[in-house]
Every structure is written in C-alpha cells, then in structure tokens.
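Next come two complexes built around chain A: one with chain B, the other with chain C.
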Partner chain A sequence: MAVDLYHFEPNANGGKPLIALIEKGVAFTSHWVDLLNWEQHQPAYLAINPKGQVPTLVHDGAIITESTPMCEYIDEAFEGLPLRPADAAGRARMRRWCRYADEFLGPSLSMVAWSRFIGPMMRQRSREELDRALAAIPTKERIKAWTKTIENDFPPEELAESQRRIAFAAGRIDAQLGQTPWLAGETYSLADIIVFNMAAGLPSFMAERINAQATPHLLAWIERVGSRPAVREALAYSRNSLRPIAK
Partner chain B sequence: MAVDLYHFEPNANGGKPLIALIEKGVAFTSHWVDLLNWEQHQPAYLAINPKGQVPTLVHDGAIITESTPMCEYIDEAFEGLPLRPADAAGRARMRRWCRYADEFLGPSLSMVAWSRFIGPMMRQRSREELDRALAAIPTKERIKAWTKTIENDFPPEELAESQRRIAFAAGRIDAQLGQTPWLAGETYSLADIIVFNMAAGLPSFMAERINAQATPHLLAWIERVGSRPAVREALAYSRNSLRPIAK
Partner chain C sequence: MMILYTAGPVGHSLKVMIAAAEKGLLLACSPVETLDLEHYRAPLAMLTPTGGLPVLVDDELVLTESSIINEYLDESREGPALMPTAAQARWRARTWFKFVNEDLAPAVSILAWREWGLPALSASRRERLRTAVESIEAIERRAHWRQALDGFLPAQHETAEAKIATVLDLVEQQLADGDHLAGPAFSLADIDALPFIEPLRRLRPALIAAHPRTDTWIDRILERPAVAATWSGYRDDRWVPGPELIRWG
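This part shows the complex of A and B:
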C-alpha cells in the first residue's frame, strides 16, 4: 500500500488530510509543494493534479483531490480512529460545518490572508519572475486570483466585509462549542479538523474580535484540538513559510 | 417514522432530496414552499429553517438543511437503493462532482436563471410588495441577492462569464460521460441526481452551445436520468412556476 500526500503548510487546505492521516495512523510519504515558488504549476505536479491545486492524495495509484472530500475518503479507505459520527444525523451536522468552512469562512479568510501575507511576499519578486509564474498557471480562475494578489487589488470594502464575515463565523462556531464539546456533537470529527485548520490562527489574526472574552468556547476548543498528539505532529510539518512582511 | 420535505420546484436544490427520497422508496409528506410568494421568509418556515433556505428535510424531529449533505443523509438514514458507490474511491469521485455542481456550475447557472426568469417576474410586482418582502429576509446575503435580482443589477460581463462557465462545465460533464455511463463511474449515484437537477434544462437554456452535436454524451445522459421512474415521479411535483416573461 502506497500513500503519498502532496501538500504545503499544515493550515487551511493542506492541514486537513495531514491531520486526518495522522489521526488514523496511516503511514504516508509527505511531499512538500512550495506554493510560494510556484511548484504547483510545474509539469511534474500538473501531471498529478492538472488544476495545480494543493493538496493531492495518491493512494495505490488513485488520485484524490479537493481536501474536504479527501478527508471523507481517508476516513472511508483506512482503518483506525473513526473521524465521522456513527449516525446519519451526526454526519449531516459534520458535513454542514465542513461546507460552512469551505463556502463561507474559507473564502473570506483567504482574501484577508492573501492580501496580508502572500501579496506583500509576491511584490518583493521581480516582474519577470512574476510574469513567468503567471504564464504557467493552468486555469483562468487561478490567474485571476494571483493577479489580484500581486496587484493588491482588494478593495477596502471587500476586505472589511471579509473581516465581518470571519467575526460572524467565529461567533457561530463559538455558540456551537458552548453547546457541544465538538462541532458535530459529542465526538471529534472531520468538522473539527477542517474548521481548526482555518480557525487556529484567528485569535492572533483578528485578536480584537476573536479572543478569550468574546469567543471563549472557540479559544478553549482551539487549545483542545491543537494539543491532540496527531494535530501536534501535523503542525510540526510547518516550514513557517507564511510570515507577514513589515511595510 | 415521519419524513417531511419542504421544497419548491423539483429543479436546482429542491429536486435533489425529492429524487433521492423517491429513488429509495421513502414515504414522505411534501410541503410546497412558494419561493416566489416569499413563503420561505414567513415565521412558520423560519421556525424550521432560520436562514429561510429551501429545501428542508425533517425526519423524526431532526432538521436537515443544505440539499447536498441532505442527500447523503437520505442515503445513510434510509434503506433502499444505494445512491453512493460502494467503494471509497467511487464515493470520492461522486463527492467531487457534487462539489463541482454546487461551487462552479450552480452559482453561474443561478445568476443566469435569476436574471432571466425571477427578475422579470419580480419586476411585475408593486414596489410596496417588494419592500415588504425584502424587509422579511433574515440574512444580509439573501437581501443582497434579491435586491440584485429585482434591480436587474447583473453586469453584462458577469452574465457572459457565467454563460462561459456553464458551457465549460457542460463540456467537462460531457467528457466524463463519454468515458463512464454515470458521473462517478459504473453506478448511478447522488452525483447524477445533483448534477441532473442543474443540467436538465441546459439544452433548452443554452441550445446554441449545449446540444446533440456539441455535447452528445450529456444529452443522452439527461434522457437516461430523466426517464428513470423515480425522476419522472419527482418532476411531476412541478407547478411550472418559473416561466420566462416576454419583454
């Protein structure tokens, strides 16, 4: 059995399958794909994932893309700790949180993070390097997203709206965690893994609105998820390649 | 066992759980929620679904929202024809198509459909009725979407981009169906149900780009899915409330 995971930093999408594999005790080979050096658009990677998206899981030749379905795949394909509630209603609650993370929280967070971290890093590169990199991107959507980032084309009102949405989502997550220990109910599940990957940085990222007074249940849960041995092991894959750049 | 489905027309989101329930032979009570008369924002419905989204499934008191996770719930909670591939890789393929439908095809289709059908219908109502209806909408996102529709605030370049995306998606679906009889592979699954609900109208909706010459596999599959007894039964719930209005 061969399991290969192609990933970048263990946050947002990359951290989801990394944590899931380690939680289940699956032996796998980690392949670092350096998004900031555009390795995801190199022919070798495009042969595995034609859209140039990271992460990708390769299991005995089967290529699994898209990190959230990938997590369900990991739970279905491998033995070990179940990462989904045992009952259908619990799984429905789990999937609702996964969708909420991917469709509501994720895009807002991503806009703020790209504007704050990736944009400034990119603007330190030469125009030639950036043009070469843009030319290698396989999809129109991604060219648009990278161009927006490089050119810092994030209108202040869109950034403010994204921050409003992040704070709103943090409030909803906090309210749920005031009622149940884990997002889908009584058991730790993929919902916790997927939301944790997006939410773990929020207390430092938006300290004025997400903190021990405003969202106490969220902060306690971040601590609880983050101290799990599997999560600590996954976070150790970090190379700290995303750092804010002083203006 | 009580199963209640609150739904509108059997297309887009409403048709998904309707087809899934009928395919599995589940006895349920259908409740029509007239979106065009804003019944989804009435207190009675908001008590079931606080966001005012349709459809909602209520199963022995458990409230299940969001049509795609709802379909997985239906397959997990009830006996009958399995609507997901038996193996993890097949289920991963199925979930990728479901996401593709919800995240890529759906929003584009929705923009074109709201602009072409719902907007003109709304502009026949009085300003007073529209203002009353807008005031009852529970979320900012939905107020924005309805205002955009009523005011016909769809820039031509956005509509053109949506049409480009729909045609692109139709091409991808057609390519898959040239390789396998069903979207996730050898068996009919929720991917077929979910994509069918969005794609069935495309040959009449965008006849110049989606037709028997350009996308033959897609058209044959629409015919194949549409002639299933369960799908025919679901489509019979239609009240034909969405009709284009002559300008």
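This part shows the complex of A and C:
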C-alpha cells in the first residue's frame, strides 16, 4: 500500500489530512510543496493535481483532492481510530461544522492571512519572477487571487467584513464548545480537526476579540486538540513559512 | 414524521425533495413564503439562523444544508442506497457536493435571479422587500438581499459565468467516464447537481449545447420516475437569491 501526501504548512487545508492520517496511524510519505515558491504550479505537481491546489493524497495510484472530502475518504479507506461519530445525526452535525469552516470562516480567514502574510512576502520578489509565476497558474480564479495579493488590492471594507466574520465564527464555535466537549458532540471528529486547522491561530491573529475572556471555551478546546499526540506530530511538519515580515 | 421546510421545488430544496422521493420517504413538506422573508422571522429563524433553506426537523435534530440532509436521510433511513459503496466513489460524490454548493449553486442563482426572480417582482413588492430585508439579522444575508434587489454587480455576474463554465467542463469530463457523476450508478451527486444544471438549458442554451454529454445526462436523470414526479412542480420563477459567492479562494 502506497500513501503519499503532498502538502504545504500544517494549517488551513494542508493540516487537515495530515492530522487525519496520523490520528489513524496510517503510514505515509510526506511531500512538501513550496507554495511560496510556486511549486504547486510546476508541471510535476500539475500532473498530480491539474488545479494546482494543495493538499493532494495519492493512495495506490488514486488521486484524492479537496481536503474536506479527502478527510472523509481517509476515515473510510483506512483502519484505525474512527474520526466520525458512529450515528447518522452525529455525522450530520460534524459535516455542518466542516461546511461552516470551509464556506464561512475559511475564506475570510484566508483573505486576511493572504493580505497580511503572503502579500508582503511577494512584494519583496522581483517583478520578473512574479510575472513568470503568474503566467504558470492554471486557473483564472487563482490568477485573480494571486494578482490581488501581489498588488495588495484589498479594500479596507472587505478586510473589515472578513474580520467581522472571523470574530462571529469564533463566537459560534465558542458557544458550541460551551455545550459539548467536541464540535459534533461527545466525540472528537473530523469537525474538530478541520476547524482546528483554521482556528488554532486565531488567539494570536485577533487577540483583541478572541481571547480567554471573550471566547474561553474556544481557547480551552484549542489547547485540548493541540495537545493530542497526533496533532503535535502533524504540527511538527511546519517549516514556519508564514512569519510576518517586519516593516 | 419528519418535517422539511422548503422554498418549493427549486434549487437546494428540490435536491432534498428528490432524494426523499428516490428513497420512498414520507416527509411533511412545508413550503416557506420566501419572498415574504418568512424564514428570517420567528419561529422559522430559530431553526435556520442564517435563513438557509431547506431545513429538516427530525424529532430533536434540526438540520440545514441540503447535501448534508441528503446524506443524513440516506444513512438513517431504509430505501435504495443513494451513496456509492466504494470509498473512492463516495469521495467523488462529496467533491460534487462541494463544487455544486460552493461554486455552481451561487453562480446559477445569480443568473436565475436576474432572468426570472427579479423581473417577476412587481415594483411595489420590490419596494416592500427593500424595507423588509433591513430586519434580517445575519449581516451578510442582509447585504446579499440588498444587492439582489438592486441587481447583482457586473463583477459578480462575470464571476458567476466563469464558475458555471468551469463546473460544466468538469461535469462533461466526468461523464466521459460513465453515465453518472460519482461513477456508473446514480447517486446523491446527480441529485445535487441537477437542480442547478437543468435551468441552464434556458439560461445559457449555447453553453449546454457545447456540453453534449451533460445535455444527455440531464434527460437521463429527469426520466427517473421519482425525479420526474418531484420536478413536475418546478417553475423558473420560483428562484430567490441563493447563497453568496465564496469570498476568497
């Protein structure tokens, strides 16, 4: 059995399958894809994932993309710790949190993170390098996102709305965790893994609105998830690529 | 008995109505007056804080999000299985849920609202709605409705057209490998996509003509007795503003 995971930093989408595989005890080969040096748009990677997105899982030749469906695949295709509730209602609650993370929290968080971390890094590169990189992007959507980032084309009202959504989502997650130990109820599940990947950095990212006073359950849960051996092992894959650049 | 609050047989609500019919389930369908914003007021707003429809109430469980409701019905009730059994085919079905919910549905809703929903509103009703949407609690939904009543922006239409073209190419490519979206057999993936692809026959006929396998697939799914029976109540002017386009990524 061959399991290969192509990923970048163990946060946002990349960390989801990384944690899931380690939680289940699946042996896999890790392949670092350097997003900041555009490896995801190089022919070698596009042969695996034509959209140029990370992460990608290759399981005995089958190419599995899209990190959230990928996580359910990992739980269904491999033995090991079950990462979904045993009952249909629990799985439905789990999937609602996964959708909420992907559709509500994730996009707003990415927008702020790209404007804050990736944009300034890109503006240190030469115009020639950036033009070459943009020309290699396979989809119009991604070209648009990268261009916006490079040119810092983020209107203040758009960023403010994203920040509002992040804080609102943190409040909702906190409220749920005030009622149940884990997001889908009584058991740790993919909902915790997927939301953790986005939420772990929030207390430092938005300390003024997400902290031990405002969102105590969220902070305690971040500790609880983050101290799981599998999660610590996944986080150790970090190369600390997304440090803020001093102005 | 389970209760399903719907926007009528259109869009996301239609998906769940089809899945229930395919499984032979009895649901008490309760149509919501979407253009009176009934789902943004108590008591319905308690069940769906963001105003999303349909909503399934099964005893103490309250669920929104049509694809999630469909998987729940499939997993918790008797009747023909609507998800494939192999892990890879199940993964493929769920990627279709994602492409439909995040890309196709918001995009088609924008076109359908411009072509059918908005023109069907009388001027006085539009004015009444303008006042009414101001009391929608979820800020992003309120902003979305305001924009819908003013007409979506050219940039939003442009994004919508691009997303539709991209997803249709994916569908066409997938159908080269088999008759259905998640593999050889009919599944929830086909149910998920159909309510947002069939209307493109009238919204973008040239685009559908350029995707012949997709065109044939529409007929293949529509011919299923459970689908045909549910679809008989569909009307183009039932469209209301759908979910917003994804903000980033």
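Some observations on this one:
Operating definition for what follows: the second predicted complex is superposed on the first by the 247 of 247 C-alpha atoms of A that agree within 3 Å, B and C clash if a C-alpha of one lies under 4 Å from a C-alpha of the other, contacts with A are read in each partner's own complex, and residues count from 1 in each chain.
In the analysis below, contacts are C-beta pairs under 8 Å (C-beta built on N, C-alpha and C of every residue); 3 or more make two chains touch, one makes a residue touch a chain.
Model, not experiment: these values are computed from the prediction.
With both structures placed on the common chain, the touch criterion links A:Met122 to neither chain B nor chain C. Of the two partner chains placed by the overlay, neither chain B nor chain C lies in contact with A:Leu202.
In the superposed pair of complexes, A:Leu219 makes contact with neither chain B nor chain C.
In the overlay built on the shared chain, the residue A:Arg95 is in contact with chain B and with chain C.
In the superposition on chain A, contact of A:Glu76 is made with both chain B and chain C.
Contact with neither chain B nor chain C is seen for A:Val231 once the two complexes are overlaid on the shared chain. Counting the residues of chain A that each partner touches, chain B and chain C differ, and the larger count belongs to C.
When the two complexes are overlaid on their common chain A, residue A:Ser110 makes contact with chain C while staying clear of chain B.
In the superposition on chain A, A:Ile173 contacts neither chain B nor chain C. Applying the stated contact rule after C-alpha superposition, one finds that A:Ser162 touches chain C and leaves chain B untouched. On chain A, the patch touched by chain B and the patch touched by chain C overlap at residues 62, 64-66, 68-70, 72-73, 76-77, 88-89, 91-92, 95-96, 99, 103.
Residues of chain B that touch chain A in their complex: 59, 62, 64-66, 68-70, 72-73, 76-77, 88-89, 91-92, 95-96, 99, 103. For chain C in complex with chain A, the residues that touch the partner chain are 58, 61, 63-65, 68-69, 71-72, 75-76, 87-88, 90-91, 94-95, 97-98, 101-102, 139-140, 162, 166, 243, 246-249.
Taken in their complex, chain A has these residues touching chain C: 62, 64-66, 68-70, 72-73, 76-77, 88-89, 91-92, 95-96, 99, 102-103, 106-108, 110-111, 114, 139-141, 145, 161-162, 164-165.
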